[in-house]
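In the two complexes below, chain A is the common chain; its partner is chain B in one and chain C in the other.
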Partner chain A sequence: MNAHRHSYYEAGARERLHGLLDAGSFRELLGPAERMTSPHLPPLDAPVAFDDGVVVGRGRLAGRSVLAGAQEGGFNGGAVGEVHGAKLTGLLERALDERPAAVLLLVESGGVRLHEANAGLIAVSEVMRAVLAVRSAGIPVLVLDGGQFGCFGGMGIVARCCDAIVISEEGRLGLSGPEVIETTCGVEEFDSRDRALVWRTVGGKHRYLLGEADVLVADDIGAFREAAIRLLDTVPDLSLDALDAEHGRLAARLERFGTCRDALDIWSALGIGQPARLPLLDTDEFLTATADRRA
Partner chain B sequence: METLRFEYLGGTPPAVQAPTLTGVVGSGNLEVLVEAAPGSGSCVIEITTAAVGFGHIWQAVIDDFHARHGLCDLRISVNDVGATPAVVSLRLDQAIETFLGDAA
Partner chain C sequence: MDARTLLEQLFPAGHDVRFDGAFFHGSGRSGTTDIAVIGTVDAAPIGVELALALAGAVLDTVRRHPGRPILLAVDTAGQRLSHRDELLGINGYMAHLAKCLTLARNRGHKVLGLVYSKAVSGGFLASSLLADACHALPGAEVMVMNLPAMARVTKIPLEKLQDLSRSSPVFAPGVANYVAMGAVESVWQGNLAEALAAALAGMPQHDRRRELGEARGGRRLARPVAARVRSDALA
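Presenting the complex of A and B:
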């Protein structure tokens, strides 16, 4: 246990950015004093946040220039409204002009902010389009996922449109969140109050084993930083060959695991001994126990 | 939602700092934006709160806050989602500490 560990899970959006980037290098764009707040919440008599729940700006990572955005899960679960999404889109489009070494997205979001309906949906689609534009310009977009609200809905799709995902065990990644699945499909299908089930289905360890997340780190801002530095030289590949290969990989995954009822079945099928122990292992033990066993 | 505004004249002007944001707009919590207002000679505190009808309690909490710090040339803006008076007091103190930073 590292005595200097600084929990990524417990930190707020600004704290994560300051801890992740080179000390003192972060400069926020369109900060809270600009009061760029949601136009949709006041008519609903709902509170606004001065930054609309997302912090964007530029800084340095290992001395290299980067742009970075961090969602604040504490405000409406990090949900993407019109302004929130526009700040992320603006950050990504700025990368086309500034050509930083990478764009970092510190995601923490339940997806679209339902109060904002179509404006939120459009905002998420604009973020996706901007991610692909940045990648096709040869600039990697890297996702960090380890916040309290995980990364779901439209932001889950955004995350998987990026070049790489760094996740902690506490991080979660998916499309429909556990409560949504239970509400639409019934508690027999998925019991969202079964925390062990939730974590082994959408949690970081499983997402790493499935190959959706590229790097699994401990819940430590320093560990996320080191992983992000190692990914800075990622070369985006949006070629048809790469897309075909990914489709092939997903088809093979469905073929191989389509009949599994639980993540435990998948871990067994991956040839991992005593799969039930995996959730109990710390990050280093887990990586050792699953070495060369990822899907 | 209810909007409240308090203004205190006089006090000590702090060194001018960049704006700071403390806290988060979540249930039972609040965010506090502190900005320098050089030359205004007053401390203005604007509050938007989801808990309607507690103006007299805010008055007491903000009076105490101003008595503790006695600062002027400040603009403080609050978005509140029903934080208790104790949480508000702590968060305001934290916001001032963060704003003053090394100058404190």
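Presenting the complex of A and C:
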């Protein structure tokens, strides 16, 4: 273990941004001093946050200008409401004007904020449209996922609309959270209290092996930073050829793994020996054990 | 309204839409324009297979019919809730559909959404909400979650939610709420073939839902907040 490791999982949104970007380079847009809070929470007696749970602005990464947004899991689990979503959309649209080297999204969200569910759902669709517009303009959008609340609901779709996802073992990525599935379909369908099951289904290691996430890093802000720097020269490709290829990969995944009942079955099918040991390995050991075995 | 009746009314001159389980795909003629029609029936939960089928139909349209307008007529009770869909990365399948629709848009296809029966949560998000403009039929159901379920999850008393939903469009189910917030451009009344032709003639050139939401009073902050983040000066 690296003695200088700075946990990404434990950090807040601002702390992550400051650790990720070049020292002292981050400038926030529409920051907390502006008091741009949600108008929809007070009528439901719910507390507001002065940044509505998301920090957006500009900074530098390895000397290059980037725009960055970070969701704050500490406020409503990073859930997206009208203001929160509009800040992300505005940030992405700013990229169309500024043409930064990349847009970084430090996602941490349970999805749509139910207190303003309609506004949140629409806002997520606007974020998706904006991500895809930025990529269409040739600017890469990179996702970092390693927070306590993971990345679920509409934000799980947003993340996969981007160019690349950097995830830690602690990071989680999916659509419907395990609790939602258990509540709706019963504990037989998904036991949300079975932590091992949850992590091997939606956790970073499985997402990486499946090809849903691109880079697996240790839970360290420095490791996320190094990975983001290496992805800065990603060239977005939304061509017919690229999407045909993605279509083929997704169809092949259903063909290959569609009858698997558990992540362990998928890891076995990938030709990984003793798959049950994978959750116990640290990131380096895991990457060695699974080299060339990703789907 | 069921899908077959809908298609007859949208395309009185005929269509060749084929049904395959919950999925359908084909084309219909609106005036002198051929339109690709892609959709689902029976309030289908959108799982990995259905998302892939929808995306495949979009890619097929882009490949074989360059520039042809696309009508999404998706009837969905939401994303499919299952361990298997999560295990296989359902969000990646839905994002793939979103990317395919962007490809179509970038290549000059107009993309129109029509909620003819039901549009719920993630199923709505991955389909009609990605259209250039989304319309609805008067009897359609549009929502994230019904109020009793929302009361359970948020621990807010149901009576309070019901009370507030009379004056606020922001969380309660209903087409009118989505109209007020700008996500549903209009509700089609009367002759559907004419409504379709009019909608195709008046397609927005950019994502104007924030402007509509502001003008209609249902979503007053989305536009100005996004505009400030886009344009405010930075040191």
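Note that in this section the second predicted complex is superposed on the first by the 295 of 295 C-alpha atoms of A that agree within 3 Å, B and C clash if a C-alpha of one lies under 4 Å from a C-alpha of the other, contacts with A are read in each partner's own complex, and residues count from 1 in each chain.
Following the convention adopted for this analysis, a residue touches a chain if its C-beta (ideal position, glycine included) is under 8 Å from a C-beta of that chain, and two chains touch if they have at least 3 such contacts.
None of these values were measured; they are calculated from a predicted model.
With chain A as the common reference, the superposed partners chain B and chain C fit together side by side. In the overlay built on the shared chain, the residue A:H115 is in contact with chain C alone; chain B does not reach it.
Contact with neither chain B nor chain C is seen for A:D145 once the two complexes are overlaid on the shared chain. Of the two partner chains, chain C is the only one that A:V56 touches; chain B does not reach it.
Once the two complexes are overlaid on the shared chain, A:D219 sits clear of chain B and of chain C alike.
When the two structures are aligned on the shared chain, A:P42 is found in touch with chain B, with no touch to chain C. By the document's definition of touching, of the two partners only chain C reaches A:L240; chain B does not.
Of the two partner chains placed by superposition, A:E169 touches none, neither chain B nor chain C.
Between chain B and chain C, C touches the greater number of residues of chain A.
By the touch criterion defined above, A:L30 reaches chain C but does not reach chain B. Per the superposed model, the minimal spacing between any CA atom of chain B and any CA atom of chain C is 13 Å. Taken together, the two structures place residues 45 of chain A in contact with chain B in one case and with chain C in the other.
Considering their complex, residues 48-49, 52, 55-56, 59, 62-63, 79, 81-96, 98-100, 102-103, 106-107, 121-122, 124-126, 129-130, 143-145, 150, 153-154, 156, 160-161, 164, 168-172, 177-178, 181-183, 207, 209-210, 213, 219-223, 225-232, 234-235 of chain C touch chain A. Note for the complex: chain A touches chain C at residues 27, 29-30, 36, 39-40, 43-45, 56-58, 82-83, 85-87, 89-91, 93-94, 97, 112, 114-126, 128-130, 132-133, 136, 153-154, 156-161, 173-176, 178, 180-181, 184-185, 189-190, 201-202, 206-207, 210, 212, 238-240, 243-244, 246-247, 250-251, 253-254, 257-258, 260-263, 266. The part of chain B that touches chain A in the complex is made up of residues 1, 19, 21, 24-26, 29, 31, 33, 35, 48, 50, 77, 79-81. On the chain A side of its complex with chain B, the touching residues are 12, 14, 31-33, 42, 45-51, 53, 72, 74-76.
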